[in-house]
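In what follows, subunit A forms one complex with subunit B and a second complex with subunit C.
Coming up: the complex of A and B.
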């Protein structure tokens, strides 16, 4: 039992911190800045604890907790490292963002911790009920964070859309779980997998319908085609740091539980592989075509998030070929998170009061006045586009290797074609920043030191992740 | 002589370039630092050249595992093929710093970055490492073209960047395919270029992968019909960028074909070689004819460069020792002649402020030294006996005739087109009546002349006494055709009847 708690330590730390911070927020003597530092410190500490646990290796003996409901695997450890890192950098970018905007309060940071604790649970869960609970812990906190700027119309619209559609997705998940439980008699992934292996995937309509509903819920949260329509408005309405948090940590958590679900039920994975194949292709191309048409940087990044979901789905289709399960997906998530967080961290201090500068044209000539920031943004964009020697390139290489190894050559080729299309909108921002004359002075934003430092650290992360070897 | 010579040659310019980019230095300091670093690389490269023993194998090998579980390694080494491209870039780059003094700091920094990346690409003995340098090489070009280019620079920049990246991404898929095939056959992960030579892939997917590689390299060379980015980019780019693109980067495309495609896809390559060779010949003729019609001398040189890359491509696709040796020789000859012509064009543009041929005339009487040097480089570019161009082109045509008579004859014929536009250009710009733009054309200063002297000497020496150079090249090229049947052959689908069809010629 003590070992169970040792492995759960990061989650416990983060959720206790969330409750503590929420209680502390009632007191007048806690300043917002103090709460932010406490929150960042908690993320940092939990990150170090998790890192230590990851580096000391996997003790297979104690890796399943609470009667196999939660399982700690190398994959879940890697995913929770990514989530904790995302949390830390989100706190940093929030600090610089709220220098210009003043709708923050102490509870904001408590909610970040709540969302993160839900995500951490999601990476470990191997059971449908706890999946639902973790998903809702995460989602409820995120709903509030999306609508935190109560006076902003866009933000209110975003939370409305996200809440209603998200509630639908939650309902789909419970419905699916009920069907699956009705057929398999268990909500544990492993036992469902055994049931499918013995009776076959197509023979039982309840399994078919149930797993379909569960997939729908996951695909909705991951913003994959055809459940991608909410992403643009929600990302646009949420504040910069929260958009960054949603685009990275939330996606990591969802893909972690998605991969765990498919890994434990290889029968289900086989059954749905064709479906996922088409979803991956359509997500990539739909996202690309939406992104090309955007004038707002934030909406472009939202659309590119759909494309990256498509790549991650390639990783899920090719799950079978990875000796260390999910390593390719985890690596891609880390690489994508570093790039995306970096951009949002830079935008947090560049977008100014009320996010008045978030279109492509607002960044004309940025390289002339802020060469270092422009350079950092270019690195992040190149990483998202998959140009070496950045992390995004290695992520893409691993995904393509895995796809070819499972014989999905079509998928690999289409993934490549999609990244050629994607070059257009990533390059567009670099061209705007470097090759156009400045139209405004950029003098209004005095970047806070914490913002620039965290951006710099993320640039280093982009290179460090690419050099880090993984076990494929 | 010390260990890690190649690493130093790669990372010294890259690190110096990055420092220049970020440090607040004046443009003169940047120029001096750039010149110093490129000279240091030149000295190191001479050390490499002297120490190179021409065994036909990789020399100066460095090997550090990077991602052991996938067999990806930091693996460097050079043989007789890469040596000459390495030498070309090390010898030619310092000239740029001497000749162009009025540029911005970023310009000099990017030149250093591109030098390091190009050396990295030719030294890489691991596919992933090669790909990394291959892509990094493009980024400085992107910024130099977009920041310091001519009036229509942004469309030109986007065109070259999207074109090249599209090609490279296809190559990424193809190289992943190679690695997976190697894993499937031997049970071991590896990205080593040497080991890929053990593969002999054939079949449908292999043909696709072959075309993935070929499109990437064809765009970089550029081979007909992937040349459409070239006139815009070459014309709009600042002189040094055009020079780098034409003199060295295009050659790395050819190098990629020789190093990666030929060994790994022996059978498929042989099947499509005739097709590629025709693409080379058509490109030669098409670009040559287009060059005749140009009114802008930089654009004319751009088409001429593309046309001459066609003959180099024919040399690769002819698949015999003579043609391949000629190709390597011609790579250096082309870099020192056509590449250097772009430098002359840059000087011409700086001093006359025009790119139109009609505005110029009678420069020979104003600037005899300039005219003499230009003439030597131009004659080398058209392959006059006694210059370096002759040896390379002769060997290539010899090999092409052996491969396919029609290809050989057409290659020989299209050289005549080259003579036409070059001599006509020379006549209009250097002779005839002096025009206002060229009336007060200043001749090369002693320093500038001194910068050109080594290259001009190299052109003449390589043309008159090619033996020492050929001796370094031949063991490596012979290696390609002397190799026995691949060690790891796939269950081959080649029937004897089909094998007879294939025009592979060993030796």
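Coming up: the complex of A and C.
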């Protein structure tokens, strides 16, 4: 009982904080600024608790909670840590973003906590219906956050598209769960794994169809190749801090539950390896292709998120070879999160009122007037492109090594080719910032102290994460 | 017997998928999504009968609760869309191009 409580403590903390803030929002006495600090403090505290839990015991004595519905593993702990970190930095960038834009309220921060609690549950869940419920807790909060600027037609359009397509994917997940339940008689991953191990994967059409539907839902939420079209529009319509939060924390949660589902049984994972192989390749190259054509920085980052989903899918294809299951995926997620959050944290104070500056051309000559910010953005871009000694490079290296160890040489080679293609659009911004004469003064965007500090901390994170060793 | 229920459930699900892609009114599109969710509820109940346990019934109830929450949000978005553009036709919204 105490053990369960300790393992669940970060989730309890975040969800109670969310409810508390939502109640506090009804009384006028709570300032928005106070709510932001409370939310940031909760994320920070939960992060420290999770960090302590991660460092002290690798394997808890009783790691399963609620009759095996939730399982705490080293992988889920690492993913939760990434999510809580993302939450903390999103609060920081929201604080600097709302210095220029004023559509925030206390509920905004409460919804961030609600979304994070859904994500934390998603990393731990080992049961299909709790997966659906955790996914919806997360998604419903994110839908509202995407459309938070109610006077902006763009964000209304974004929330409409996201809501319809997200609910569509949710329906696929429930239908898939129904089929898997029909075949295996249970929705728990462990029992489904047992069933697949004894009867074989291909012999049962219900398992095949059900797991295909579930995979479709996950690929949709992760914005992988055939289901990637929504991501550009939704990211473009959402506000900068929320885009950063969606690109990092949401992706972490989805890939955590995706990996847990595939880990249920090696037969299940092997059955889908070929499918994931092609999805990974197409995601990487389709994402690169879209990103090269973009003029808006936000859309470019959204498209590059599709490419990173492709890399993470390589990690899922190579799940079998990792001694700690999912360690490579968790490392890549952390490395990607640091870079992406960093660039969105910088953009939150650079984009100005109503996000009027978000194209490549708007950042011409930024290095002349704001050398430190330009330098930080360059570090983040180089990390995302995978240049040593940044975290992004180590993440790609581990993913490609894991692919080679599983014998997926083609995938490893195509991964490297794709990262070379990706240089084109990452370096384009660096060239724009450093080798063009400034067209505007950048005088308006005086970064708030919190924005500068969080950007600096994220630069340090980019290097610190790259030093963390993982076993291959 | 159970076979018939499953066929019905799959038909409903396919109708929902067609509705999402073919219809242009936000209300109809969202109703199609709800139809898909209810198709999976029917499949859950039928499979619960097949498996001789009550899990499926409980899961169907949980899905209904989530679907209700989603519907509440969708109606809020409908009001927002109507206030801004006066129309609920999804074709009107093409400011963002993928």
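Throughout what follows, the second predicted complex is superposed on the first by the 470 of 472 C-alpha atoms of A that agree within 3 Å, B and C clash if a C-alpha of one lies under 4 Å from a C-alpha of the other, contacts with A are read in each partner's own complex, and residues count from 1 in each chain.
By definition in this document, a residue touches a chain if its C-beta (ideal position, glycine included) is under 8 Å from a C-beta of that chain, and two chains touch if they have at least 3 such contacts.
Keep in mind it's a predicted model, so treat the numbers as computed, not measured.
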Which partner does A:5 contact after superposing on A: first (subunit B), second (subunit C), both, neither?
neither
Subunit A: partner with more touched residues, subunit B or subunit C:
C
Determine, under the contact definition given at the top, whether A:289 touches first (subunit B), second (subunit C), both, or neither.
neither
For A:133 in the superposed arrangement: first (subunit B), second (subunit C), both or neither?
second
Give one of first, second, both or neither to describe whether A:278 is in contact with subunit B, with subunit C, with both, or with none.
neither
Would you tell me which residues of subunit A are touching subunit C in their complex?
129, 132-133, 136, 140, 143-144, 147, 150, 153-154, 156-161, 163-164, 167-168, 170-172, 174-175, 177-179, 181-182, 185-187, 229-230, 232-233, 236-237
So in the complex, which bits of subunit A are touching subunit B?
372, 382, 386-389, 393, 396-397, 400-401, 404-405, 409, 412-413, 416, 419-420, 423-424, 427, 431, 434-435, 467, 469-472
Going by the contact rule set out above, which residues of subunit B touch subunit A in the complex?
22, 66-70, 72, 128, 131-132, 135-136, 139, 143, 146-147, 153-154, 157-158, 161-162, 165-166, 169-170, 172-173, 176-177, 179-180, 183, 189, 205, 208
In the complex formed with subunit A, which residues of subunit C make contact?
6, 9, 13, 16, 20, 26, 29-30, 33, 36-37, 39-41, 43-44, 46-47, 50-51, 53, 55-56, 59, 62-63, 66, 69-70, 73-74, 77, 80-81, 84-85, 90, 93, 95-98
